[in-house]
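Listed below are the structures to be examined.
Both of the next two complexes hold subunit A, though its partner changes from subunit B to subunit C.
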Partner chain A sequence: MTATNAAKEPIIRVEGLSFKYATATEKALKEINFTVFPGEYVAILGLSGAGKTTLCLSLNGIIPQMVMGEKEGRCLIKGQDTDEVPVREMAKTVGMVFDNPEYQLTQLTVEGEVALGLENLGIPYEEMLTRIKEALKVVGLEGLEERSPMQLSGGQQQRLAIAAAMAMYPEILVLDEPTTNLDPIGKEEVFEVLQRLNREKGMTIVIAEHEVEVIAEYADRVIILDRGELITNGPPAEVFNDVETISRLGLRTPQVTEFGYRLKKKGHNLPEQLPITLQDAVKKYSGVGGKK
Partner chain B sequence: MSKNIIIKCEDLHHTYPSGVSALQGVDLAIAEREIVGVIGQNGSGKTTLVKHFNGLLKPTSGQVFVKGINTREAEIKEISRHAGYVFQNPNHQLFAGSVRKELEFGPANIGMSAEEIEERVRLAADFFGLEEFLDENPYRLSFPLRKTVGIASIYAMDPEIFILDEPTTGLDYTRARMVAALIKKLQDEGRTVLIVSHDMMLIAECCTRVIVLWNSRLIGDGTPREIFGNRELLEKTNLAPPQIFRMAEEIGLQHNGKTPLSVDEAVETVERGERAG
Partner chain C sequence: MNNMQLIANYVPGKSFFHRLHPSTKIIWVLGALLTVFFIKDPLIIFAFLVVVLVLIKASNTFATYRASLMLLLPIIFGLIFFQIVAPAFPKPWTPLARLGPFVLYNEGVYSALVLSLRIISVASFALLFIMTTYPGDLFTTMRMWGVPYEISFMVTTTIQLIPILQKEMNIILSAQRSRAMQASGFSALLPSIIPVFAGAIERVRQMSMTLESRAFGSSGKKTSIRQLKMGTLDYTLIILTIIALIGIFYLLWINQGFDRSQQMIFPAPAAIILFLGSIIGFFGILVLFARRIKN
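Presenting the complex of A and B:
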């Protein structure tokens, strides 16, 4: 924990959170504890069924308010218990983006899609126009206001879902595998927008994502879930260097890290902490290829 | 047609009823036992192309031959005996009331005997670890499992040509490894495999050949190493090689002019370089 964080209040505080779906026999989440500070970019990693979606849905109160089941523990957003604040009220603070934008987009035009959430919040018309314009600009969809969301590419649709969420000025954006159905350029578009929202607007990002190379590049912190339990919570450089734990859980570490780990095991002299990004790897491994 | 060519396209064009032109003049020949990756951005024509290979789509103009059969002149049933297509989204494929019925449907449909069907279902369930789910409704299974059932149901039909559309999308690493293992198995069994995918690690690891589509046209055709090493081509299509390949290129890690495609190959390349020294 950095000194700056110590002075701040956490924006998300999850305390002993457990949840069992009404139809399930086993708990989807088991006594989860963690905090997130304002402006952090947190990635959640885990196999399917590890509890990532359940955790995401708990952060804005959809669980337990709209999903049947048994909940224990607490989830506090800016000190407010998600049990007590209505979901539509919580939507002002916590924006949500799901894996399939098609499920989320309902309006006839791009503009209408962004307007929907704002109308629900009762934002005055003039301000709505300003926010729509701003949100579409940030995600790079200006000029497409009148277009039908169904005519957009997958990457554009997902960016539209992000625009609709961010126009409500949430302090936290929660995304559940937002790039699963996107092609490489669509993925890149989404991650660039998220980075901008995080760096320039200080938005707190919580994202469930499979692609470890991307997480290593962008996240400040990685949380690993396994069968409903929180296994690891730390900076990416630390988490991805623990290759034994990662492999034991059936996950993988970035390719450049795996490469260094395997060479080290074969007796190569490499830095204590292995690089986790391409850029860093190129610097730290520059001698490896040349050793003839 | 030379005897080991199993799929052949001649000046293939496809225009959807909406007027969208999805393929414009594709010429392509695929030989038996090739493992071919089909890459390109969404909307480049990848899925439209491979759907011609089991007769789901027929050319608007030009010809497609599958095992010498002109797909225009054959019923889909006849072609699908040879070529099985696994949908990207299992929800578009699965309809039976149980996993067992799902696995039995294809083999029964192409006229396998009861004993053959039983044997294929057993093999498929065994390989994909589905024994315990045979009596479940596919729609009660999680997405990754449902996706696995989609692949297994085609495997049960024992097709010589296997077409996988985005087989790892939405799967976690452990399940994605199962897909890679499946492709290796299909390769060992002597089948021809086509893989439409954005998963460059999978393409790099499994494919003997990669074709690149862009704007409804085929613009690249080569080994994974040739394609990933062609910056101009990749920039045009906005695709990137696996991280390990990019790293190796940047630090000049190669053996006999070959840049490693996987972590295994990269580690091996370092070791070889040292033994040579």
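Presenting the complex of A and C:
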């Protein structure tokens, strides 16, 4: 957490949040506490079933408003309780990209899909056209405006869902594993787009993701969930350096970190803080093997 | 696998009907429903049906319409069958012929014709409306009329769900076939209905989550990418429609709904043909369904 954040009000405040699905016997979230400040890029990491989706859905009020279950604790978005503000109103602040690409497309054309959110926000016609064009260009779907979303590939559908949420310029954009159907390059592209939105528009990003390399590269902060509990919450450099905790949870650290960790164990002289990205690693590891 | 198109949904196009404002079309559908309900002369209803068919043809929606009609026909044939042997008419009934255990009545033929023509013509007109109206426009119009959010949402969602359900059905049928289940013929339909409905509920759930997450139904001014406006044509047509409806109802009133049940005497062979036709038609459609599912 940087010094500037201390002055700002958190945009997301989760306090003692627990949730149990109506049909489940165990809680999917247990006493979760964390805050997110405006302009942060936060990744949620965890094994399958850890509660990432449940947490994402809590951030705009779908949980508890549209999903049956027992909720405890509070989730405040800009000071407003998600219990009290209808999801459709909260949507003006929180954009949401769900994990299943096909199910979340509801319109007859690609253009109509992106337009839907803008229409509901009352964006004027001319600006709507500009935003649709921009959003489709950013995700690489330009030229497919008239296509039916049902006739897109899984990866294209995910891009469309991202474009539709993004075009609304929400202050907070929540994405639940939005790149599972994309190839590595497509994945990088999406993360870069998100970074641009984050840097240039100051959009707060919360993204559930299991690929640690991209998290290490792009996120300001990582939250690790394990069986509904929040285990760690901190900058990627710190979190991924705690290799023991990460592997105890059955997760991976970035390969460059793992590499350094193993060398260190063998007695090599490496920096206290191991690098977490490739670029960083090239800098820190050069000289380890000695130059020819 | 070829698409099994069973029920109508929006057919993109630029025909006269496509360009009309949904309000105009809704008024027409309601007007037609009321009128046809009160007319008792099968010939007039038949004439109306012909007009509707011409309109459907002119809107380039006939192929979709024909497919949807398939679903309605078994009901119609069933109706004809039961009306002929047990008319929804005050007794005494005039017997025309006897076929084994069945007595065919003149009143039965008459009311079978009236009822089935009523249903077919109104359903056709409603289908024309659905096929030529963009679902989003329908929602906008309903909200414009002050229909509550939930009801507008339900209606538009149901219409939009139809193509999704068809897709789901196809997936499930081909999955069953690949597991070497008997996925041909009518019997294949039954085990797939439960997963399709379970799937449908899940779809609706996800769909409403998605829509709400896009601020659908939220407060405040709305805009539309489809420039939906009531044109001069729409206003003119609505006024003409209302005038016409008043005229029609006046005519219906003074002519007792053109009731011709006493004058129309059907020859016995006609009754027999209609009766047997309804039975053959009913089973014929089922066989046709079964064959469609097969390939």
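Everything that follows uses one rule, which is that the second predicted complex is superposed on the first by the 265 of 292 C-alpha atoms of A that agree within 3 Å, B and C clash if a C-alpha of one lies under 4 Å from a C-alpha of the other, contacts with A are read in each partner's own complex, and residues count from 1 in each chain.
Basically, contacts are C-beta pairs under 8 Å (C-beta built on N, C-alpha and C of every residue); 3 or more make two chains touch, one makes a residue touch a chain.
All values derive from a computational prediction rather than experimental measurement.
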item: Overlay on subunit A: subunit C relative to subunit B, clash or fit; value: fit
item: Subunit B versus subunit C as contact partner of A:Val87, first or second or both or neither; value: second
item: Where the C-alpha centre of subunit A sits as vertex, the angle toward subunit B and subunit C in the overlay (nearest 10 degrees); value: 80
item: Partner chain(s) touched by A:Val282 [first = subunit B, second = subunit C, both, neither]; value: first
item: Touched partner set for A:Ala115, first subunit B, second subunit C, both or neither; value: second
item: Which superposed partner A:Pro184 touches (first subunit B, second subunit C, both, neither); value: first
item: Touching partner for A:Lys266 - first (subunit B), second (subunit C), both, neither; value: first
item: Subunit B versus subunit C as contact partner of A:Tyr125, first or second or both or neither; value: second
item: Touched partner set for A:Thr25, first subunit B, second subunit C, both or neither; value: neither
item: Closest approach of subunit C to subunit B (Cα atoms, Å); value: 7
item: Residues of subunit A touching subunit B in the complex; value: 46-49, 99, 153-155, 177, 180-186, 188, 210, 213, 250-252, 254-256, 258-259, 262-263, 266, 268, 278, 281-282, 285-286, 288-292
item: Contacting residues of subunit A [partner subunit C, same complex]; value: 60, 62, 66, 86-89, 91-92, 94-96, 98, 100, 103-108, 111-112, 115-125, 128-129, 132, 150, 164-165, 168
item: Residue numbers on subunit C that touch subunit A, as the complex places them; value: 10, 12, 134-136, 160, 163, 167, 202-203, 205-225, 227
item: Contact footprint of subunit A on subunit B as seen in their complex; value: 41-43, 142-144, 169-175, 198, 200-201, 238-240, 242-244, 246-248, 250-254, 263, 266-267, 269-271, 273-274, 276-277
